[in-house]
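Below: one structure, written as structure tokens.
Think of it as A, B, C and D in the order they're written, each chain with its own count starting at 1.
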Amino acid sequence: MDCFISDRWLSADDLKGGLPLRTMSTSAVVYEVLRTYNSLPFSLKRHYQRLKLSAGLFGMTVSVSYSQLVKLVSEGIDRNREKIQSREMRIRINLFEETEGVSSLILIFQELPEISRDIYELGVRVGISPHIRPSAAIVNPVIKTPGLPWNVLTRRILGENYEMIMLNELGNIAEGSFSTLFLVKDEALITPDIKSGVLPGITRQIVIKLARSMEIPIEERNVKSWELFAAEEAFLTHTSAGIVPIRRILDHVLIEDFTDGLTRLLLDNFEGFIMSDEECWTGVDQ
Amino acid sequence: MDCFISDRWLSADDLKGGLPLRTMSTSAVVYEVLRTYNSLPFSLKRHYQRLKLSAGLFGMTVSVSYSQLVKLVSEGIDRNREKIQSREMRIRINLFEETEGVSSLILIFQELPEISRDIYELGVRVGISPHIRPSAAIVNPVIKTPGLPWNVLTRRILGENYEMIMLNELGNIAEGSFSTLFLVKDEALITPDIKSGVLPGITRQIVIKLARSMEIPIEERNVKSWELFAAEEAFLTHTSAGIVPIRRILDHVLIEDFTDGLTRLLLDNFEGFIMSDEECWTGVDQ
Amino acid sequence: MDCFISDRWLSADDLKGGLPLRTMSTSAVVYEVLRTYNSLPFSLKRHYQRLKLSAGLFGMTVSVSYSQLVKLVSEGIDRNREKIQSREMRIRINLFEETEGVSSLILIFQELPEISRDIYELGVRVGISPHIRPSAAIVNPVIKTPGLPWNVLTRRILGENYEMIMLNELGNIAEGSFSTLFLVKDEALITPDIKSGVLPGITRQIVIKLARSMEIPIEERNVKSWELFAAEEAFLTHTSAGIVPIRRILDHVLIEDFTDGLTRLLLDNFEGFIMSDEECWTGVDQ
Amino acid sequence: MDCFISDRWLSADDLKGGLPLRTMSTSAVVYEVLRTYNSLPFSLKRHYQRLKLSAGLFGMTVSVSYSQLVKLVSEGIDRNREKIQSREMRIRINLFEETEGVSSLILIFQELPEISRDIYELGVRVGISPHIRPSAAIVNPVIKTPGLPWNVLTRRILGENYEMIMLNELGNIAEGSFSTLFLVKDEALITPDIKSGVLPGITRQIVIKLARSMEIPIEERNVKSWELFAAEEAFLTHTSAGIVPIRRILDHVLIEDFTDGLTRLLLDNFEGFIMSDEECWTGVDQ
């Protein structure tokens, strides 16, 4: 696949100019991962804004405007579309400091890994990570930087789990290693607040917006770890797969049947909602 | 300067083959930074061992044996010696996961930034970072991975400070953003223990060894932040500069005169000690 | 000096029969509560030892020897036996500092509140307290002093719950407001360790001893709050009622049927065990 | 039932003049300690309000109205005035639960211990307590109940220190075992906020009011333990002695000369301020 590196397009197979060496001797890298729906970059504007926020906290500036990024991303999708079988892509935007005060962009295009329909029908198994995800009192959760130890350590031990939930240093639920968590209890949604140590995930935001549009009550608050087991339903949200129902937590079967309930209702409405939500496609020609 | 990337030597100016793309889409990177004394790699064995430890925690294996690494590093020093004015170099070893389970090595050689003799005679100013360095109860401090947010955030705001000391979530002293801290009180050394959230620094270890050889009592324990101000002397240790005396903490002058005291004693003995300490040169032809 | 007590003025000198005034102006009070079985004081030796430990931490000495205490307690039981219908009593031992360095003892005898047999057959409901019980890192859990805020605050809101479980500041299970907790999972017992912020309860210790005698594996460790919900069985232990099975946690039914399982096994063996265990009756004439 | 109290057996019914027995078997006690100036009860209204607040948190109601309390306190002062040499008294108000839902009051009058003028001229020495005072995230600091372990444990080890400062579980300054702390830095006052785990002390409130009236800037915030050592001046406040300057923290001399500075300014204005501040004498005939 072709990548955009600093100022030009390169083929991954034939990476003549190489990645700037500085990317390996600097520490400050922030990134975003987005996906396409119908070959259009989903929620690119929100990713751009979050990238700017992360970058700002690390003292970097994003060197391209939003409309320049739209153009680059669209060109990347066009360049690579032929090369993949599936129609959808995953796009990684890396921003790193090339020299003091000068930031560079790398766009990497990959085929979106195929997602089994089963996970939506049967739900997935999640574990509980032994690794702590510090709360916002310790580490600003807005910073999306690669290699955060708790994420790397948790992903290594997923085993047969689709995801593992990390608790923060107070024993409250934070997030998964690549996803955020929602619980259903008494016909309301509950999700850990950002203070708990949760990346303000784009899909998380959209699910909250969807729930509000459906007049489903939603609580963003600190969530004790036991509430996961006392919930009636639970699901994960992440960019690649959207809403993923949870069937089991460890060997505790939370729910057997997803034909009913709030998770199903949200799942059934998710794709329709994002397709028609203008904020998800700002600046992108549909 | 020439770098070693995965399996070959490349010139930084002419990086034809490029850094493997995967280094920018993977999260798991561990690294070491060492320096030379008299163009010999200092404490390479200890760095190798720590790299293996870090790598193991992240599920990677170091693909080269120690003697292979000695050879690569020595070759790199030889290749690059001519290109730099100063005789000493800083060598960065990056280990990243190329594909699942396969790790690759990147060696980057740079000129060691010149260190002003003044810092040893006059001492430096340190600040206290507003960013928290989590203790070992939250994040394993052995993992040396680039981009840990507290380090990036602290380095950004150093200003006129040589370094800023980070406290952990319990308010105890952890470490600096690139150095560790020692206090002198009642003719003994005090340094935060690893549990406090301190990278087991190589220079830190050597100073402890040096102090023991001089029969200076040393306490590794949790250290309250106020002890920094109540200390008689204080110094930093880090790879590039060795032992760096602290003159001021914020606007509090800790010590004016470094002609006397334990810091001076350790400074005066440091270079002699490391030159004659066999462990510092294991496997390296002196 | 004259004092106002409840509804009248009294001279401190004239306070003949009364409780020493100092008990109301001093802060240091430690206490024990024990019960009788067959009108004999149960585990009096253990309570005496714990009282000494608590007292020592508060800088007080217990002014009576163990054999003197046995005599006092036995006399109190004899004096009061006629006055109560039920045969069993609850005995409260208060130790307070009368003047600097001089401690005094108060023994209060009360009828043991009747315990419904139902709780052993049907199990009880427990809640989760919103009040935090600090771990041993913050407050030494060995100190048994009246009026610890978390206990008072939790007891006020029991409502329909038999007990409420308090979590510590790390979100781990500590103890109830008057009891300790055991979980059953995979045919083993799990109970929070003392470090979690658990009074080293006498009944807790006896249940551990009983379990060991029955070769039931037992883990004393930190216990995440979710483990309460993931347990197969759970029970409380406290002086008055011994082992109390838990049926429900909030509205989550943990277990419906107590005719089987480890809780039943322990319940069936508890009274026989304590009756024949010599340590429970040290120095007491049976 | 008969009870054993200190050295004799008493019938509970027969416990005529004495303190209600229940005070020794209940846990819920809240209290206030105030002093007189010119034989008038100082800030009685504020103490009454805080008592009500504490009582409310413990589920008790204060059975007397404020005007009834003024009458009782005034009567007690009159009754006891002749008996003491010094003109000033310390008055302790204990509120305890006599039976479920019924609270009783005990007023204890004592001579105010003589305060050496030296402490105001020379300042006092304070230590740092090894015992943790939990922050408001763990224990509500408004509850003024006797026997809080951190206070008892700290008071036991004062030694040559006038007071010892307790840190909270985050390593921030909370308060002393009977006083609160103020720092002076850059011509402003700094004092730990209530969230840090500070009893909202009456003298603390008055000093804040005094400072505001003198247009001295004041920061209520979390205060790192090192700030104590980096301060220019520091003082304690507590009921008996008002404002008490700190000369030394451990063996660190903070300030030698109190003839100048904010502490002296506040000291010189304190008594005049409280004498003329109407809120300090609400409902009391001056």
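The rule is short, and it goes like this: a residue touches a chain if its C-beta (ideal position, glycine included) is under 8 Å from a C-beta of that chain, and two chains touch if they have at least 3 such contacts.
A quick note: this is a predicted structure, and the numbers were derived from the prediction, not measured.
Trainee: Where chain C and chain D touch, do the two copies share over half of their residue numbers, giving same, or under half, giving different?
Mentor: Here the answer is same, because the shared fraction of interface numbers exceeds one half.
Trainee: Per the centroid of Cα atoms for each chain, what is the distance between chain B and chain C, given in Å?
Mentor: 52
Trainee: If you average the Cα atoms of chain C and of chain D to get two centres, how far apart are those centres in Å?
Mentor: Computed value for the inter-centroid distance: 32 Å.
Trainee: Roughly how far is chain B from chain D, going centre to centre by Cα mean, in whole Å?
Mentor: Here the centre of chain D sits 49 Å away from the centre of chain B.
Trainee: If a residue has to touch 2 or more other chains to count, which residues of chain B qualify?
Mentor: Within chain B, the residues that touch at least two other chains are 169.
Trainee: Can you list every touching chain pair?
Mentor: Going through each pair of chains, those in contact are A-B, A-C, B-D, C-D.
Trainee: Considering only the defined contacts, which chain B positions touch chain A in the complex?
Mentor: 3, 10, 12, 15-21, 23-29, 57-59, 92, 94, 106, 108, 110, 132, 134, 137-140, 143, 145-153, 156, 169
Trainee: Under the stated contact criterion, what part of chain C meets chain A in this complex?
Mentor: Going by the criterion above, the answer is residues 128, 167, 169-172, 224-226, 228-230, 249-252.
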